[in-house]
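Going in written order, the chains are labelled A, B, C and D, and every chain counts its residues from 1.
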Amino acid sequence: MNKRKIFNDPVYGFITIPFDIIYDLISHPYFQRLRRIKQLGLTDYVYPGAFHTRFHHAIGALHLMQQAIQVLRAKNVVVSDAEYEAVCIAILLHDIGHTPFSHALENTFCPYDHEVLSLKIMHVLNRVFKGKLDLAIEIFSGQYEKEFLHQLVSSQLDMDRMDYLTRDSFFTGVAEGVIGYDRIIKMLTVVEGELVVEEKGILSIERFLLSRYFMYSQVYLHRTVIAAEQMLKKFLQLSNDFNEISEKSALFKIWKGKNLEDDELIHFFAEIDDFDIISLLKKAKNSEENVLSFFADGLLNRRLFKTIYKNSPFSSDFVSQLRKNVESKFQSIENAQQLVLEGSEKNTSYIREKDEIKIFTKSNGVVRFSDLAKYVKQTDEHTLFFVCHPPFS
Amino acid sequence: MNKRKIFNDPVYGFITIPFDIIYDLISHPYFQRLRRIKQLGLTDYVYPGAFHTRFHHAIGALHLMQQAIQVLRAKNVVVSDAEYEAVCIAILLHDIGHTPFSHALENTFCPYDHEVLSLKIMHVLNRVFKGKLDLAIEIFSGQYEKEFLHQLVSSQLDMDRMDYLTRDSFFTGVAEGVIGYDRIIKMLTVVEGELVVEEKGILSIERFLLSRYFMYSQVYLHRTVIAAEQMLKKFLQLSNDFNEISEKSALFKIWKGKNLEDDELIHFFAEIDDFDIISLLKKAKNSEENVLSFFADGLLNRRLFKTIYKNSPFSSDFVSQLRKNVESKFQSIENAQQLVLEGSEKNTSYIREKDEIKIFTKSNGVVRFSDLAKYVKQTDEHTLFFVCHPPFS
Amino acid sequence: MNKRKIFNDPVYGFITIPFDIIYDLISHPYFQRLRRIKQLGLTDYVYPGAFHTRFHHAIGALHLMQQAIQVLRAKNVVVSDAEYEAVCIAILLHDIGHTPFSHALENTFCPYDHEVLSLKIMHVLNRVFKGKLDLAIEIFSGQYEKEFLHQLVSSQLDMDRMDYLTRDSFFTGVAEGVIGYDRIIKMLTVVEGELVVEEKGILSIERFLLSRYFMYSQVYLHRTVIAAEQMLKKFLQLSNDFNEISEKSALFKIWKGKNLEDDELIHFFAEIDDFDIISLLKKAKNSEENVLSFFADGLLNRRLFKTIYKNSPFSSDFVSQLRKNVESKFQSIENAQQLVLEGSEKNTSYIREKDEIKIFTKSNGVVRFSDLAKYVKQTDEHTLFFVCHPPFS
Amino acid sequence: MNKRKIFNDPVYGFITIPFDIIYDLISHPYFQRLRRIKQLGLTDYVYPGAFHTRFHHAIGALHLMQQAIQVLRAKNVVVSDAEYEAVCIAILLHDIGHTPFSHALENTFCPYDHEVLSLKIMHVLNRVFKGKLDLAIEIFSGQYEKEFLHQLVSSQLDMDRMDYLTRDSFFTGVAEGVIGYDRIIKMLTVVEGELVVEEKGILSIERFLLSRYFMYSQVYLHRTVIAAEQMLKKFLQLSNDFNEISEKSALFKIWKGKNLEDDELIHFFAEIDDFDIISLLKKAKNSEENVLSFFADGLLNRRLFKTIYKNSPFSSDFVSQLRKNVESKFQSIENAQQLVLEGSEKNTSYIREKDEIKIFTKSNGVVRFSDLAKYVKQTDEHTLFFVCHPPFS
């Protein structure tokens, strides 16, 4: 059977599958599940094109990895065929541990980051594939001697980032998020085992960081997206606590009380996707529990909460006053104070000295990016504090 | 409240909302539901980018309608503001009656075409909006005196088609499906009340028909897409007959036995979307009913059937031999002969003399397109007969 | 010196130079001259973006050749590195023999087609490069044993065509001319030494032929472009005959009376480009010779002639009446009858049985394209007869 | 005659002509001349796609102006039809005073900036068009009461800049230069008569400034482009001083010694375009004057000088040593020290407090951009000092 299939991709055109094992991994139910996990969670409430999935993104990152390896090899960086295959596997599976709606629900119920879960799943798959993922796992977990291979999978300039910024800006239609992924990849090289960028790529990196910051401001942390996410989180929290929805509670048991080490639990985990969450909403919409149905109706029919935010925490006075106002406005709803949702969100930004990008200069060898950049030496990390509440009018 | 919002659309860039009522209609749950109905059913099994929804498509068609009206007005075709609003409403709602997975499940359970359901829902909404949809309904149902307005909504060159071909080729990444929608729209004009194309647009129309034919051959009737659709249809048919899945059976009762005239039924109808269907699959996957779980597992994990097809019906000998082979190969499955799925599918093509495109020529006035076209005077309507079965290896 | 440079190309993104000799050939004055020869002659009068040059096109075709060879190698077609280099040289130089304004002036003054001149120049360059072009010349002139290499350079589906249709539609902004070059290239393979297309590519070929026909109708044979070309041809013819412009007449002597065999003449030939022609116009604009200055002024200031055309020759009565009308309207111009320009132009189309495209089918092996195509089995070859004249108002 | 023509533009698709007078102005020889003046001078030596002309750019800026006026009108900014027409005329003609090769030769021979020449030509055209350009001239020269109309033509966020950055990045293929022109235009509004940007557009402006800076670094001040420009300037300077080329010297007389006030001189000026300069090169290439022919050959055959540059002036010792080296290497060339070209170039950047961009905030009204921007508050203005010399190997 010919496994060197071609995917049509709206972003890059044709994407080829470079190794048979890649085809087999894509065919595995754990990977197929990514078809049912949206890349950007609830972002399509604001950017209706943002319906792409983790499946998409993983294939896209695989495509860029092929380009990157070809660029490096053309610069006489040695990458054996076994390493090439392994780094392709690593990037393909880097997000396989995402919970439903990706980051929107990450860390809410599950104590682990998605990377930890991805690694656990890779170990399970390695047993299925009889050790063929050994090297990929070494690379993914940063234990392989050639550090640059790990950096292609996970670093400030990894193929993950290159694809998701490109893809997210494509599907949201936010042109300002477009990065010059092809030029950056052309500028990559390896010096003393590390992935570095050629000097003439500095401005491209600055623009890349600004574009990424733009995406955080305008898309990932959009106030309406935050409102939707908060509503969904609160909904799940309540629906679990109150055990209103019994049949699906296994889902939450897995997430909550138990340890995920063993294969069986991963198996349960892999059954859960966006569709289970939406089903909960659809079921709850007509329930008698007022708060739950209020959230469910709002999420299904896009009656989303308003978000107030600022750069410092809200005073408890402010929040309790808001709670009172909501209670008085929504008297028919029991426990209406639960409709006020408080939280904070930190943008993931590029900070100097933390996993710093390295630049290869002709005159001074490898230099830190922030010593050379002109405008965007780093991007601010800031915490956004917010309160979400139902609209009063 | 400012209702003149802007949508970011990956296909056209910015889309503006031209009237307040359009904003209100978009906000209605019946329209929001379209966010949960994929435009191309199960096509993303083959073209993974094809995740766009009917919501998307409706907004896109609205955008093209605005362009078309501006073109016509610039050619001194009289379109009043009321008519402009009405034709925008009509195109916005033209697909609101789609059942889950759009055409994939159309006519399977429900005796009505989606256009009929769209009209029924428009009547319901008209009551909600206190008669403000009167003119839109007249235009949609072809009863308004200015026929060209109806033709912009529904004809060989309507804005529905312009958008769906553009959008489907964009998201599938099938470049050959790209039509020159902007040039065709620029060539539209009205002669004696009818929508016609200027003479110099003939080749654009030929290319448009060929692109459409291409989309049918390569996308809409792709053999793997057909296999998935057949599997899903059979699954639903069985899950209903056998009442294995009781809780959701209301869904099928609505579709099957009852009349859809009254508002309450439309209300139930509007609750059902793609997520309900996928939920059925997820539930059935681990059931003990072999055939059902076989279909469910196949659909969820992309273990899709093979399709054999030809241009004439299969002999009953051929099919019963295939059934026997399947039974012998899948002995552990009870009623394994149900795994052989027979059917036929007709491409929707452009046939001369049926809703013929009209061309406005300087020398001879309005002439039929097929009298002037050079290569693609019409596209073949053919019936594809197929049998789908699980792979033997 | 590193010769593996990268070009930025608006059409394809980055284009890499695959061999050192390609860099050296590009650097040669004969190739640099192509920077001063527009791809589409006078077409920018109608499509103002059409300013791209033969330099561009040659680099673009080189890019597609690299893709094609990679596709074929991946299908286990044997192409040695020497053959790869040679076929790249052949495509790079395939248009090096173009006279100014490319096809607009081809065959007007010079008795040779541009392919003949390209071959002559390749022989000259082969002496410069000490025989390194031997294999490229064999391939270009169809004498090499592996016929498919020649077909990649010159046939119905060569990389020349793939690039020029893609590039011309890109720069003119004529979306209908867009062909799916990448899909067609992916469908190429070699059977019994010949370049063929896989069965599933048939519709892509049909669409390609229709797009090409579209470009001929709307761009290459646009009536205003024809008028400009006729004006320029007549201008050159007269300016030579009357020896009004003496200093440049060497140019025409080369073209007219002499044999182009020897290197010295090629050297002179290679000095002439678009700029020499425009200089003649600028000089003639203010001359006292009325007809010449009339043409020159018209061409420089875009006061272009009207074109009347039909599918059969014009009667001599019609033309002589038109001449009289022109003489009476332009009484101040001596020999005003010369302002009526008669001619004919044939579109280059795809005719079955003449260099027929071959399709590789699973069931029947290699089959002729026209036996399988559905709509566009061939495109019409027709002769357009036209008369151009100055506008009367 | 219908003057509402449509242009095909590779960048924006279709561009419409909004007023009859725009058609007439485009048809005038002074405007048609822009077809023969490349937008980016000699940049195509490095970016071979950069063949677009000032004609193109002017039409493109006209297109964006139409979009901007529609956006402002939709925000209830009053723009009368007469003002609309006038501001379209102003943007159409804003670059009509460019000398050949645009900025490459600006201020070399001619004592005036191109804006001054544009205004002079607009006055001439105003007499031709009998005063119909009165308002356009007022707007262009900043004397009209509605300042924002002038700002749309000439300011930090004018339609000139929006188009040239978009167009130059498109044709050079430098993706990093892409600005989000459509989003910026959507964010424009008018407060107290001034053009301002809505608050949510701040990041778009930052990215716009960074993209612009990128274009300066990578394209406009590319070292090879600078070398070519210096060669051409020196060539022209010498060819004039030494009167080697007599016939064309009228060109330089106009530029040099005389006053350009009167119409006749403008008439001569308007005769000169890129083609005259290239003709000089072609003529000089085979001349006996060594230095001139050296430059001419280098420019025609892309044997370009090397550029050494830094941020402070070169010591005279360094330059004289370089002169000596060049003289000793090129002994056969008389006056070979003239082959060392010294100069400096300043990037045009965005400096705070000079024509500062204004932001309209909900909380504080109109605020200076640099008070709100996060990363790119301004871009550095720096002077690049360089020496160009022929390659030694």
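Criterion: a residue touches a chain if its C-beta (ideal position, glycine included) is under 8 Å from a C-beta of that chain, and two chains touch if they have at least 3 such contacts.
Quick caveat: nothing in here was measured; it's all calculated off a predicted structure.
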Any chain in contact with chain A as well as chain D
B, C
Farthest chain from chain A, going by the mean of C-alpha atoms per chain?
C
Averaging C-alpha coordinates per chain, one finds the centres of chain A and chain C separated by a number of Å equal to 50
Based only on mean CA positions, could you tell me how far chain C sits from chain D in angstrom?
32
Interface hub residues of chain D, defined as touching at least two other chains:
13, 182-183
Based on the touch definition given at the start, go ahead and assign the chain network to line, ring, star, complete or other.
complete
Which residues, counting only chain A, touch chain B once they are in their complex?
7-11, 13, 27, 29, 32, 35-36, 44, 47-49, 51-53, 55-56, 59, 170-174, 271, 275-276, 278-279, 282, 300-302, 393
For the chain D and chain A complex, residues of the former touching the latter
175-176, 178, 180, 182-183, 203-204, 206-207, 210-211, 213-214, 217-218, 374-376, 379-380
For the chain B and chain D complex, residues of the former touching the latter:
4, 6, 13-14, 74, 182-183, 186
